[in-house]
Amino acid sequence: MAISRANVPFARLDFARKARTGFGETVFGPGKTPEQLASIFAAFAEKRLPVLATRVTPEQAEAVLAAGLKAKYHPVGRLLIAVGEKPRAGNKRFHPVLKGTVAVLTGGTADIPVAEECAGTIEFFGGRAARYFDVGVAGLHRLLNVIDKVRKADVVVAVAGMEGALPSVVSGLVSAPVVAVPTSVGYGAGAGGVAAALAMLNSCAEGVSVVNIDNGFGAAVVACRMLRRLKA
Amino acid sequence: MAISRANVPFARLDFARKARTGFGETVFGPGKTPEQLASIFAAFAEKRLPVLATRVTPEQAEAVLAAGLKAKYHPVGRLLIAVGEKPRAGNKRFHPVLKGTVAVLTGGTADIPVAEECAGTIEFFGGRAARYFDVGVAGLHRLLNVIDKVRKADVVVAVAGMEGALPSVVSGLVSAPVVAVPTSVGYGAGAGGVAAALAMLNSCAEGVSVVNIDNGFGAAVVACRMLRRLKA
Amino acid sequence: MAISRANVPFARLDFARKARTGFGETVFGPGKTPEQLASIFAAFAEKRLPVLATRVTPEQAEAVLAAGLKAKYHPVGRLLIAVGEKPRAGNKRFHPVLKGTVAVLTGGTADIPVAEECAGTIEFFGGRAARYFDVGVAGLHRLLNVIDKVRKADVVVAVAGMEGALPSVVSGLVSAPVVAVPTSVGYGAGAGGVAAALAMLNSCAEGVSVVNIDNGFGAAVVACRMLRRLKA
Amino acid sequence: MAISRANVPFARLDFARKARTGFGETVFGPGKTPEQLASIFAAFAEKRLPVLATRVTPEQAEAVLAAGLKAKYHPVGRLLIAVGEKPRAGNKRFHPVLKGTVAVLTGGTADIPVAEECAGTIEFFGGRAARYFDVGVAGLHRLLNVIDKVRKADVVVAVAGMEGALPSVVSGLVSAPVVAVPTSVGYGAGAGGVAAALAMLNSCAEGVSVVNIDNGFGAAVVACRMLRRLKA
Amino acid sequence: MAISRANVPFARLDFARKARTGFGETVFGPGKTPEQLASIFAAFAEKRLPVLATRVTPEQAEAVLAAGLKAKYHPVGRLLIAVGEKPRAGNKRFHPVLKGTVAVLTGGTADIPVAEECAGTIEFFGGRAARYFDVGVAGLHRLLNVIDKVRKADVVVAVAGMEGALPSVVSGLVSAPVVAVPTSVGYGAGAGGVAAALAMLNSCAEGVSVVNIDNGFGAAVVACRMLRRLKA
Amino acid sequence: MAISRANVPFARLDFARKARTGFGETVFGPGKTPEQLASIFAAFAEKRLPVLATRVTPEQAEAVLAAGLKAKYHPVGRLLIAVGEKPRAGNKRFHPVLKGTVAVLTGGTADIPVAEECAGTIEFFGGRAARYFDVGVAGLHRLLNVIDKVRKADVVVAVAGMEGALPSVVSGLVSAPVVAVPTSVGYGAGAGGVAAALAMLNSCAEGVSVVNIDNGFGAAVVACRMLRRLKA
Amino acid sequence: MAISRANVPFARLDFARKARTGFGETVFGPGKTPEQLASIFAAFAEKRLPVLATRVTPEQAEAVLAAGLKAKYHPVGRLLIAVGEKPRAGNKRFHPVLKGTVAVLTGGTADIPVAEECAGTIEFFGGRAARYFDVGVAGLHRLLNVIDKVRKADVVVAVAGMEGALPSVVSGLVSAPVVAVPTSVGYGAGAGGVAAALAMLNSCAEGVSVVNIDNGFGAAVVACRMLRRLKA
Amino acid sequence: MAISRANVPFARLDFARKARTGFGETVFGPGKTPEQLASIFAAFAEKRLPVLATRVTPEQAEAVLAAGLKAKYHPVGRLLIAVGEKPRAGNKRFHPVLKGTVAVLTGGTADIPVAEECAGTIEFFGGRAARYFDVGVAGLHRLLNVIDKVRKADVVVAVAGMEGALPSVVSGLVSAPVVAVPTSVGYGAGAGGVAAALAMLNSCAEGVSVVNIDNGFGAAVVACRMLRRLKA
């Protein structure tokens, strides 16, 4: 049975999204049953379109793969990606390769899932992500060891929880724009990422802008919108 | 008497800043006496360097101009700018002209001072700012009337107070990165820009990152860091 | 055994409520055991009165239906509705048909349960609800596609989470009063609906009033109180 | 010299607003110099259009009147109103008389300025406002003394600060929709209207929706949008 | 085996508490294993002393009773009470009967567990509690029906969640002191009892003081300290 | 000219208040012009009734006294008191002398104005206030020096800012009910009395209830309602 | 198979940490699988280094012990400690014995897990911890009974939830620095430790500094850094 | 006329404070009239005792000096210090010289007043303060330039506003305890020092404890309590 729009009544899939905004449709995993996610992936497969789902649980991923759909699950970043079927001869790649590089940094190891959500999304959209994890400010030598490489990136995404100091320190050391991602890592006063988010908005360093707590995907889209301009 | 570092003990002026981060030193006006601001401008004038001061009151500006220093005051954006003396023959412009354009939008007229702080800063750093003011979402026709021009910008800065919905609506209509600036315009619950800041961090539209409340200067630096990459 | 007031000691059922306020009694499901909810429905059945329960879990609904009571469960809106036995000849309908229409909009698909709670409640009280779901501001074309129909409604209920911008945009496009319902959809800073609620209270658009987070039922009552005046 | 759009560069006046939304343009006073407000009133006078300004200080009002413009200042409600020149023969009244009545209640005497902003705005838009002030819940006899009259209104606006209980109590006694206006009256914990606003959003009584703190104007627009439907 | 202080190392039991403060020791149930609670009750039994435990789960209560200790579990108020063995001839009652009455009111049925915690504690300490439940302000007739009886109480405890208006309304109708207990009943903005607590602290009615959210026990102690003075 | 109700249109004076609630009318000073306050005092003088105004500025007090009205200003507690003319022969005192004593404690000297508002109000209502100021917990010897006297009071009012620990410590040392008054003394995190108010609501000591920040008047009414019961 | 850095890819273990900061590496348990924790302990065992893990669940501890690794689990303080193999002849103890003593106090029994995390960490780093538990301010005699011993300590750690008054009272009685640890013990307003943390930051007593809520480990490191200076 | 305790009724001066806690009495300037401050300084002068007043305005200082009292005003740190008259022969210095050094760092120049309050207080109590100002993390080279000197201090006080990252970065580079002082420098979200305070409490670096916002005095006392132990 062909899967069509009518079979996915719980979501308005936007197959024409790339035409409007330059990037294909993506799906937010939470709140969808494994079956619903499988239906969505089937609908995109039918149209030979790529699709990215975020915050996907192993159970959800298994349901999609068990339905015989081609997709790859990235458990750390909780991404499920279907790259789309090969375009026919003469067709261009769905998401053309983006110029430039995004450096994705984390303060600690607990921030890695958010950073992988970001890096994986960048790669899905055709960008290049260079990972520099666990380089938080409490052990400054870790950041200084990699800073020369980070300086070569066109955009820096700095992911950090707790006191959220990483973007401030990094932004003073590079000339690229820094997208700060507060994470919900931490506890006590300011838990849930509030302390980190406030700190990043109050950064004493210039060149920092902030996305929502744990929103690695959002940082990736901001970064890719920047990269896309490099082609112009 | 020559003005030197020792004469400005209340601030560490960073004359070599551009060498490190690509943009010249700037000064935050609040908390400085008119005399202190005049001393700072004199120190830069002595070195023939440009300098930008933000949040400058008319009294502060008057003190600088009364000291015979060359500077221009922009009262709406509260900027005081000294462009620096002409570089000697063969020298390059201090802030080379940046490629591309930044569209600066505001929701209402009360947001204009923050937007002018942003636009004036962009221009100080060599960028081009296209202003689209009073295009808030409560009268959608205003935004739709200019959206085709906004789409041509390489970066969009969306400045809005109250419910802060402008960046979400704009980001769904353009493909450039959107830097959202919440303003303290509004009152009651969520006053001081809190409602707008939270709304922008929670934007349902992709491609939005946020700077601190009323931080037009910060948005300008983020935008110019992006523009600078266009040269690469 | 007849079920009487004395058999439902955990709640003061108000069988005369409609005489006072125009609408029949309703029940808030959370905190009640399935058996308690069944007892309540039995008490109303005994009096041939209609009753609406909100936030009803499938387990609660099953208990009521298993007790042989006539009721219909709406799983998306989590409503359990007993329409009451047919009034005897000459009697009027319990909730007379209300004039006018309420347009119920949602920003995203995740807001639909709250919107269905609202729409189903409107219908229980004799009103007409026109549903326009997933028309959030990040993809403005979706709203513009339906706005002409929305303009014909006598009341608009706008349900949205995250940045809660939908009521502001809608209210600028219609002349009916807009009841805004923030939802707890979203995460991070301002999660739990706080960002949406603050944004809606700070709406730059005139004509918006707000109910509590996720309170689709409350918006329905406000809307129906408006509709009822249309008969005067 | 004719006053034209070009002479009021600090604000986009919307002379065609009524055509779109049914009510004429209004102006928010704060942040405007007395001269700017006079210019705005002159621009409307030139077009023989009515205009309402809110939160107007005595100094602002004096500047408008000193410029020879016809307007009436209501100091308690801080409204400045120009009713517009008489329309020519055959022309309809700018804001046609609205059917029905809005009851405007306050908890205490300190809430009266917000209530007068609301009542005066209702009257500007052609509605009828019945005032019931100082009927707060701490002395219940005051409310019970007037409740029979309040019950006859088509909309109730309940204005209260401190614990904000008035809308809950009123809504249980009437069948009309209740628009709750929290005020910043009070001090200590929950000061600035936060306690009242939260209480109103959490009202245990059905039929209550809420506008921003001190937003008497906003409540008036919501009420008038309801009244306008009564004509249909 | 005799139970002694050394056997209850996880808590410092204060057997001499009544000598100091007039009321016997009480125990906060949460965080204690069923076995620990049984040990505590055994320690008091050994000394023939009464003891009250609050927030006791059915599992905890069962463990105490299964250990053969004399105690009575009140499931609604979640109290476990051992009244102590009969004092020897000539001894006075441990908690002498207090003069006067405490009226315990609730706004809704969901507030009853907190009110029962309060009423049961009052009775444990020798006081008299008169219960008036589900008399919230949204249906004012319920309160007015019982207010004459409430007026006879020496202290009024008013328990309410959501907007927490009950103490304000009651305090205007009685001359006794009113102890307000906010409950965590409600959801959305101000959930967890925050809206109710703020409202109660901001009560426009005189004579109201407030205890912590859901703290029925605390209100009981305040009330009994008042009652005890009636003997002087 | 006789002053009558019609001459005080800005306030509903309640001359019959004592008949209903046992205590005479009181007036909240802020927001009233000196002339308005004088009119209010004149209206009470005309009826030979006592009246108490709180939060009265020296300017307000001067206006009342300059109008020839008999009143006494207490500048520390910011109270203005008119005791009323002598009742005619056979008439009872307006506020009969209350039995018992209220101990009023402060943590520091900065809390004294709030404590004097409380003590002066108690005395106005016929009660006896024993003052123990500057006995905060940081220097415990100060409290221990006076605790034996405090123990004799029938009610304890504990006034404290900053961390608000005084009521907890005191309540563990006395058997009377403790009314806690948080003050806005302090700065930084939790400023404005928020830290103190939260601490008092979370008191680990039993027998504490809380009024609003800086609400010395409110604590006095609670205390006097308790004292009045001592007569029964 | 030897365990090496490459086998623990989820964490950057810092075996050289002591050389830099004086104390060995520690591990935060939450978010790590039992297997991951076992790998980490194996990596340290291979290098004969001691390691401390905090917030360790019984399941995690069991996994480490089941892997045959030498470690001791402290269930109350939730610490898992491997003291490291005996250094070879001539080698010094890894963490040399620190001079001085840290007094660790708690307000209640529910604060003990946080206090044990603190005391156990101090002992791991070579310090001496003297425990004084359940000495909260509601029963002041408990604190006064032990204060002479507490005065002999070189640092005092005061652990308390609810209103967090303990550090204020203690700091006024001792001359050593007081490290305050707010705990999440409590409920209602200010729950999760917020009230305690705010109170401690606002302490009216001098000599108090504060760590994050429930951060017994952090207080231990601060205390040990102080103790280490005693050797100088 | 001799000044005695009776002449300073507005404050309980504690002349014996040093005997109890090791440091002399200090005075909080705000809320005291210039005359009151002069009286306090006179009372200490009479007893030949030193005294320190914090947050002293120029007007207050002038009043003390104009009264002929020996004191020195430090305008940046807003301290007024009377060192006390020379002790008689054989007497020891009031505050004996403390061993060790406190490094006092600031992030920016706007933090200097708080840092000078701290450094001046340390010096008053006999300690040595080494100042390292304007070494914030946005320009890391500034901190790295001085870190070798900072490492030699026995205690580090890190003063910073905005995102408050300085203590985290410093604590990872030194082995001494770090006392973090958030300042109210900054604006927008998290203004007033809230963002900095939360960040410091959530520091990912070990060894950091926090005092209240802008509380340079408090940090000094904590540091001096540590230094005093170095003598033991």
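Chains here go by letter, A, B, C, D, E, F, G and H, matching the order in which they are written, and residues are numbered from 1 within each.
In the analysis below, contacts are C-beta pairs under 8 Å (C-beta built on N, C-alpha and C of every residue); 3 or more make two chains touch, one makes a residue touch a chain.
None of these values were measured; they are calculated from a predicted model.
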Can you list every chain that touches chain B and also touches chain E?
C, D
Would you kindly say which chain has the C-alpha centre located farthest from the C-alpha centre of chain E?
B
Are the two sides of the chain B and chain C contact the same residues or different ones, given that same means over half of the numbers occur on both copies?
same
Mean-CA-position distance for chain H and chain E (Å)
46
Just how far, in Å, is the C-alpha centre of chain C from the one of chain A?
37
Could you list the positions in chain D whose residues touch two or more of the other chains?
139, 172, 188-189, 194, 197, 201-203, 206, 212-213
Every chain pair meeting the contact rule
A-B, A-C, A-G, A-H, B-C, B-D, B-H, C-D, C-E, D-E, D-F, E-F, E-G, F-G, F-H, G-H
Mind pulling up the chain H residues that touch chain G in the complex?
21-23, 100, 154-155, 172, 175-177, 179, 197, 201-203, 206-213, 217-219, 221-222, 225-226, 228-230, 232
In the complex, chain E residues that touch chain D:
107-108, 136-140, 161-165, 168-169, 171-173, 186, 188-190, 194-196, 198-206
Residue numbers of chain F touching chain H in their complex, please.
109-110, 134, 139, 142, 187-189, 191
Chain E residues within the chain G interface of the complex
10-12, 14, 28, 31, 182, 184, 192-194, 197, 212-215
